[in-house]
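My structure is below; once you've seen it, I'll send some questions.
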Amino acid sequence: MTTEFSIFEDDHFHDHCGLFGVWGVPDAARLTYLGLYAMQHRGQESAGIVTSDGQRLRLEKGMGLVNDVFDESRLDALPGDRAMGHVRYSTAGDTVAANAQPIVIDCHRGPIALGHNGNIVHAALLRHELEAAGSIFQSTSDTEVILHLYARSHRERLEDAIAASLSKVMGAFSLVFLTPDSLVAARDPWGFRPLVLGRLGEGYIVASETCALDLIDATLVRELEPGELVVVDRDGLRSFHPFPPEPVRQCVFEHVYFARPDSLVFGRNVLDSRLAMGRQLAREAPAGADIVVPVPDSGMGAALGFAEESGLPFRWGLIRNHYVGRTFIEPRQHIRSFGVKVKLNPVKSVLDGKRVVLVDDSIVRGTTSRKIVGMVREGGAREVHLRISSPPTMGPCYYGIDTPTREELIASNHSVEEIREWVGADSLAYLSQEGLLTAAGDPTGRRHCTACFSGRYPVAVSAADAQLALFAK
Amino acid sequence: MTTEFSIFEDDHFHDHCGLFGVWGVPDAARLTYLGLYAMQHRGQESAGIVTSDGQRLRLEKGMGLVNDVFDESRLDALPGDRAMGHVRYSTAGDTVAANAQPIVIDCHRGPIALGHNGNIVHAALLRHELEAAGSIFQSTSDTEVILHLYARSHRERLEDAIAASLSKVMGAFSLVFLTPDSLVAARDPWGFRPLVLGRLGEGYIVASETCALDLIDATLVRELEPGELVVVDRDGLRSFHPFPPEPVRQCVFEHVYFARPDSLVFGRNVLDSRLAMGRQLAREAPAGADIVVPVPDSGMGAALGFAEESGLPFRWGLIRNHYVGRTFIEPRQHIRSFGVKVKLNPVKSVLDGKRVVLVDDSIVRGTTSRKIVGMVREGGAREVHLRISSPPTMGPCYYGIDTPTREELIASNHSVEEIREWVGADSLAYLSQEGLLTAAGDPTGRRHCTACFSGRYPVAVSAADAQLALFAK
Amino acid sequence: MTTEFSIFEDDHFHDHCGLFGVWGVPDAARLTYLGLYAMQHRGQESAGIVTSDGQRLRLEKGMGLVNDVFDESRLDALPGDRAMGHVRYSTAGDTVAANAQPIVIDCHRGPIALGHNGNIVHAALLRHELEAAGSIFQSTSDTEVILHLYARSHRERLEDAIAASLSKVMGAFSLVFLTPDSLVAARDPWGFRPLVLGRLGEGYIVASETCALDLIDATLVRELEPGELVVVDRDGLRSFHPFPPEPVRQCVFEHVYFARPDSLVFGRNVLDSRLAMGRQLAREAPAGADIVVPVPDSGMGAALGFAEESGLPFRWGLIRNHYVGRTFIEPRQHIRSFGVKVKLNPVKSVLDGKRVVLVDDSIVRGTTSRKIVGMVREGGAREVHLRISSPPTMGPCYYGIDTPTREELIASNHSVEEIREWVGADSLAYLSQEGLLTAAGDPTGRRHCTACFSGRYPVAVSAADAQLALFAK
Amino acid sequence: MTTEFSIFEDDHFHDHCGLFGVWGVPDAARLTYLGLYAMQHRGQESAGIVTSDGQRLRLEKGMGLVNDVFDESRLDALPGDRAMGHVRYSTAGDTVAANAQPIVIDCHRGPIALGHNGNIVHAALLRHELEAAGSIFQSTSDTEVILHLYARSHRERLEDAIAASLSKVMGAFSLVFLTPDSLVAARDPWGFRPLVLGRLGEGYIVASETCALDLIDATLVRELEPGELVVVDRDGLRSFHPFPPEPVRQCVFEHVYFARPDSLVFGRNVLDSRLAMGRQLAREAPAGADIVVPVPDSGMGAALGFAEESGLPFRWGLIRNHYVGRTFIEPRQHIRSFGVKVKLNPVKSVLDGKRVVLVDDSIVRGTTSRKIVGMVREGGAREVHLRISSPPTMGPCYYGIDTPTREELIASNHSVEEIREWVGADSLAYLSQEGLLTAAGDPTGRRHCTACFSGRYPVAVSAADAQLALFAK
């Protein structure tokens, strides 16, 4: 009935989740609510919080934004000074309540809750084995697989049982577990997805991004290391490294697009990275132009960097309507035919007669870029030089990012020139891989995963797995 | 914040659930919606529907009345000509979304959904064993236990796997399973809870009560027999009796209170039973009085029977406010002190100066009866003779009915005379067990369970089990 | 989208409103909420409460049931120990928020609120005159006319200004006014619509029906007399009779259908009247039959009276589904074709093979009666003898009751025999006018309006007025 | 219960309203919905649309955002190719449904709807006179006064009646009237509030801002001239200038803060004005600093202009959480004490060790500025130089802008140095009036109202009026 107006559908890669955990702060549920709120950009489809009062776990979750799911009475139903929360993004085929997180189960080890950011690459295989052994599944989520492995472990200590379970899974995971007594956080050995540790008074906090710490004025202690497993309980914090080491492969797209500009990710401020990408792009692919215009909001940082490096003025030539929400009533055909501009409006007085450098962070399917280039021309631009602050995305991600299939990625089967022609730009340039890594503070390229650009997948994915991974979405 | 006003809390035993299943009728979800709607009195806390289009199962469920949970778009999301639905009642401690039914799982046998009316008496023990073998539980419901047993079965045929699983559980179950291909219904060998089979065109229907068949104009075929297991699939309907036979023990309280008066339960119309209970009560415990007044709505049928047998006029001396709902705003203390009568209003012109026979179906804790007797006196009654159309309830039910603990049951530790004094009646009489069974069409008492009256529990419950059963509620 | 399923549309006359007023009881808004709640049957389309704290008036109103419109926060926004509330029924064409009451205005006399039960027969004419004099109207309600007349009065005392305004209007009005300082209640000289006066502690209450007093345990003082105007303020209660006297013409349909059975209306208990109607009907039109079956809930009282007088057993042969609400999702055609019975279910074991006396309160258009007779036959009844506890309704009401046009009233253009044939009954009889009035405690017929039966309209209505009155609905 | 977290309450002047009108475009309601949507920033408290199908007016309005108030079914209830809509802002004391617009009335001239942007300075006096003549008021809005004057006019032609009414009111008004036959738009002779005329196909559009035309791809024809009255009906468009001319006094704050940056207001692009203000501010009040940081989003344009003129880098040192909405659950005290940063987060890596020029558009009460300066210091800034892109606001506005009282305006009773000290900045400078007017394209200052800066009120307001105007808010 009422759907988001589709002509400017959000054509980006998307991180699947944001995680937040608390140990030892009164009213932990409300703190978690704030933390999830700060990370709402990491997942807008479901939200959940589980708390412990030292005796039992209590869970509230639902579909929608943090603010839609929680009200005073639901937060009141979550007593305790320990909590874990989760926000989740998912694709259209998977908007099912059953997959909302955290997942809470009971087993012979007692109750435990789990929130997951990442993707287990051979989850389908593990699931098949577990089902053959009599396990039942109540969701399509790979997260449930981890809990089954845990329930079948007979290692005595909590950390050993968790470590043993995680040793059996391959792929990307930043995880937070909550039991009545303990909070456990873990990161896979490649460190695909972010996870940081903070303190608030005497308590401990874990979060996907530092902006969640900032909102509640918690102190950043450090990032969890790739392959680290941290247990917080009555005895304080203990750190383990139970997995065989792997080369670090942190997701460079956190810097390109996912993370909030004010967050510190993999030790570096995201806004700094984006400015540096724009500067590098201006050096690699300058354009004879009059102004630099960002695609709001994804191209903001890089456009400013480009403007500064090139000496061209930075101009808001496209204004975004901030009130577009999930329930916008779609105009009917006879109104759409007028060319409704619901999300973006080109500013004629800025664009008219100008040669424009238009900066965005990425091109996924290309359809949105084509519309925006057209809109900038309609606004009067004489030339449109499209600059993208990341390399062409040639392949899907299997490590916890929602990407279309390879066939849908325009760069997987078209040359840059073909893409330029299709989107209707006068020129088109992407940032080089080297440029991107340098801008992200990793000039040697040893610490980041670039699989979606380079095709170098750090964890092997068989053809069957790949299909299942996409299907599971 | 806004709660049901508590002075007339509903002090009754409550059936836990209503079940409905369809095979082979287009738009099965909408049909199931109607069937659940007709059985809303069997469970008002959650509602759920699962459908199959022959390929996959789709589930929608939520907390609230059928009408709260479902709207057009949720029904539209449930395609297929096969469906199963469930409405659920539960006590305050258990109003958790995780326990809403149907439960849908995936396992090595493929996806399956289950709705359950009843109670497995040794669920805690089975759960303990299953957890020890590595199973995880996502609810506190005994229904999940059945699904685990099913998932661990390696019998080839669906009916064998289900029968094998059910052979391991003791207690009360009327069950409906739905797989992509089949609808399976089963009743425990004692036949504690009702379940009927109907036809609609070429399709099959199963339902807890016949009123659900009536609403959709389906034809009643027959009741499922105690111990019967019925499979409906492409090859039609097949019936099995896989369990060792047991003496039939159908719940007589369905006739006393649970079922709708227009339903046929255990082969007998419920309204007929209630009229007969009232007549028998008038014979067993006549009263010198002027009028017979029912407690609305639970005492209606018996009061009319009592009036007819006694020759006294039947009068509505208490009027119920039909708009009392779940969100009524509770009056504050200074208004409550006026003696607010939200649910019932005594009719002075009916009651004034009269000797009243007040008829209700049961006394559970006694608090509500005391208030109603007081209200009838306030309305001007000169004498109040309380007549109850069932015997004193001395013990809890372990077979799927929500009852308070033995200690809370006033009749478990007080004589009839003590109860009379406490509720403030001039006289008090209960229907005898023999009288009740005769009124329910079972003069020999061979076909009904009377455990809550007689203490004769057909399926043994150990002390530990009993505690767990109550706790699980 | 989701509409009440139409095959059992509610085919009755409907009172337009319920009124409630409080003076001098703390938290008057919550008390009014309770009072409106008790009178929800008098109007289910909008609800409103205005309060005074002695300084200013505050209003909250909205579309829906009392419970839909009000929550804790809206009641909290209504401070003061004086209040007035209103529930309203209206026909489909008039479900506009602008017509919800109370209406609150400001004028040279200061702020004032008004709630109205009734109908001004020449409102259109008055409105025309007022518009010509420069008045603006923000609703289509005749109530606004009264406020304009009041605002144009220059009589000094409040009661004089109100009396002067009301002297200019013809027709039916029970009114409650609230100013910051005073509560004023008035009834037209014919006394068409009910209004009673009560006390609660030191405070005063006015209400359309006594059931509202009962719910809050207020004491009934007396009915307001026809033509009486009562002012309650700091100086206590003062009564006036400012209008020329008219013959009393109270609405007999309050006894037939509108009022709650536990209410005292025009000095007589409603349930008593209905029982007497049934008895009289049994004397006037006996039937050779086996059982007496009420159409729930409207035929309940008369059916019991009929059964008692005739000696035939009273039986619930039609069971009503109490959960039918405003948002029921209408079955689609292919399901409707099965003959869905959403509101009523015939009880086969009661009806099968029986000669049935079916009792209802009235026949308006006849369509519903036809469906119910058919349903009773489907339930197995051998004969259906329809008995109606009021005379044939031949003409519309212009005094505050929602009725269809004369053409739509089946009795206005069909003989009883024609109606019998159309509804499909074996016999049909209506209660005589004399019988009805006697049953309502008015054997001489001097105190009741019978316009809709007899065509004797106590207040003349010109053809133009009549059309406008119907149009205004 | 759940309220906007208050530490960053929005401390700005606010325009009261946005207006939109359509004549001669099918499905005018949906077009108006889009137009209001584009102007949601002009009023977020209520929204309303009235349509005409040539026969009658239909109105839907409610409290909340455009998207909250309207859904498909409400838009479907508004047929016709003519429409008028309104969004409204108001202060806390005035969040009453009765004041939501449009107001629709009936009078001797027939039905008419009115939406108003502005303020009638002597509304209280006019209201007093009208009440003395017998008028009743159903809101506290000055808009209702205009409708009363209209209803009392006896000029024959619509335009004459409207012109005559408006000739009696003093103050600020941009108005759109809708009758079944005509759309009328008018602007007061000073032209305080904006209003533009556009075309869409054969139809006409009026709107407060051009961004509403852009969204629906309508063509801008021109602004309505100050003092112009335009009638659109079957005969096309006719323009009148019925009022005595006055010096043009357009609200310069539209350029400073109210309007969307992509709108053309008073003939000039708003973003151009804001860049020019920032440049001028850099010339008037340069600062020895390292970076220029905008207060998001109000200081964006001016900060970029300042950065460009000064040669300092533009940096996002404060990141706004875009999900803050109306229902955010306020943290409890023990969490607030941690120093929660819900709306803005300082970016340490940007601010640390830097001398910062912080740019905002205005300082109203000063409390928010003080918090933001503190936050920038907490983020590590070594120096904070606050620059404001408008002059000190010394007095309230009486022409349709929501402003606090003079006493609450920090600049009305404190020197710039005192303000600097209180907000905790190292330096503070405001843009000069001349600078502002030049930046707004009016170097001679002849076309803009500067009353809130200069105290030169173009329309005299008596002390009594002023108090009433503030009270009326």
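By letter and in written order, the chains are A, B, C and D; residue numbering begins at 1 in each of them.
By definition in this document, a contact is a pair of C-beta atoms (placed from the backbone, for glycine too) under 8 Å apart; a residue touches a chain by one contact, two chains touch by 3 or more.
Because the structure is a prediction, the values reported are computed rather than measured.
A.B. asks: Note down the smallest number of touching-chain steps it takes to go from subunit B to subunit D.
C.D. replies: 2
A.B. asks: So the centre of each chain is just the mean of its C-alpha atoms; given that, what is the distance between subunit A and subunit B in Å?
C.D. replies: For subunit A versus subunit B, the centre distance works out to 47 Å.
A.B. asks: How many angstrom lie between the CA centroids of subunit A and subunit C, rounded to a whole number?
C.D. replies: Each chain reduced to its C-alpha mean, subunit A and subunit C end up 60 Å apart.
A.B. asks: Quick one: report the Å distance separating subunit A from subunit D, using the average Cα coordinate of each chain.
C.D. replies: A distance of 37 Å separates the two centres.
A.B. asks: Do you know which subunit C residues sit against two or more other chains?
C.D. replies: Touching at least two other chains: 1.
A.B. asks: If you go through all the chains, which pairs of them touch?
C.D. replies: Pairs flagged as touching, ordered by label: A-B, A-D, B-C, C-D.
A.B. asks: Residues of subunit D touching subunit C in their complex?
C.D. replies: 1, 59, 73, 98, 103-108, 128, 131-138, 140, 147-148, 151-152
A.B. asks: Quick one: which bits of subunit A touch subunit D in the complex? Just the residue numbers, please.
C.D. replies: Listed in rising order, the residues are 1-2, 26-27, 30-31, 33-34, 37-38, 40-41, 65-67, 70-72, 75, 200-201, 211, 214-218, 260-262, 264, 269, 271-272, 300-301, 304, 308, 313-314, 316, 319, 321-323, 325, 327-329, 331-332, 334-335, 338-342, 345-350.
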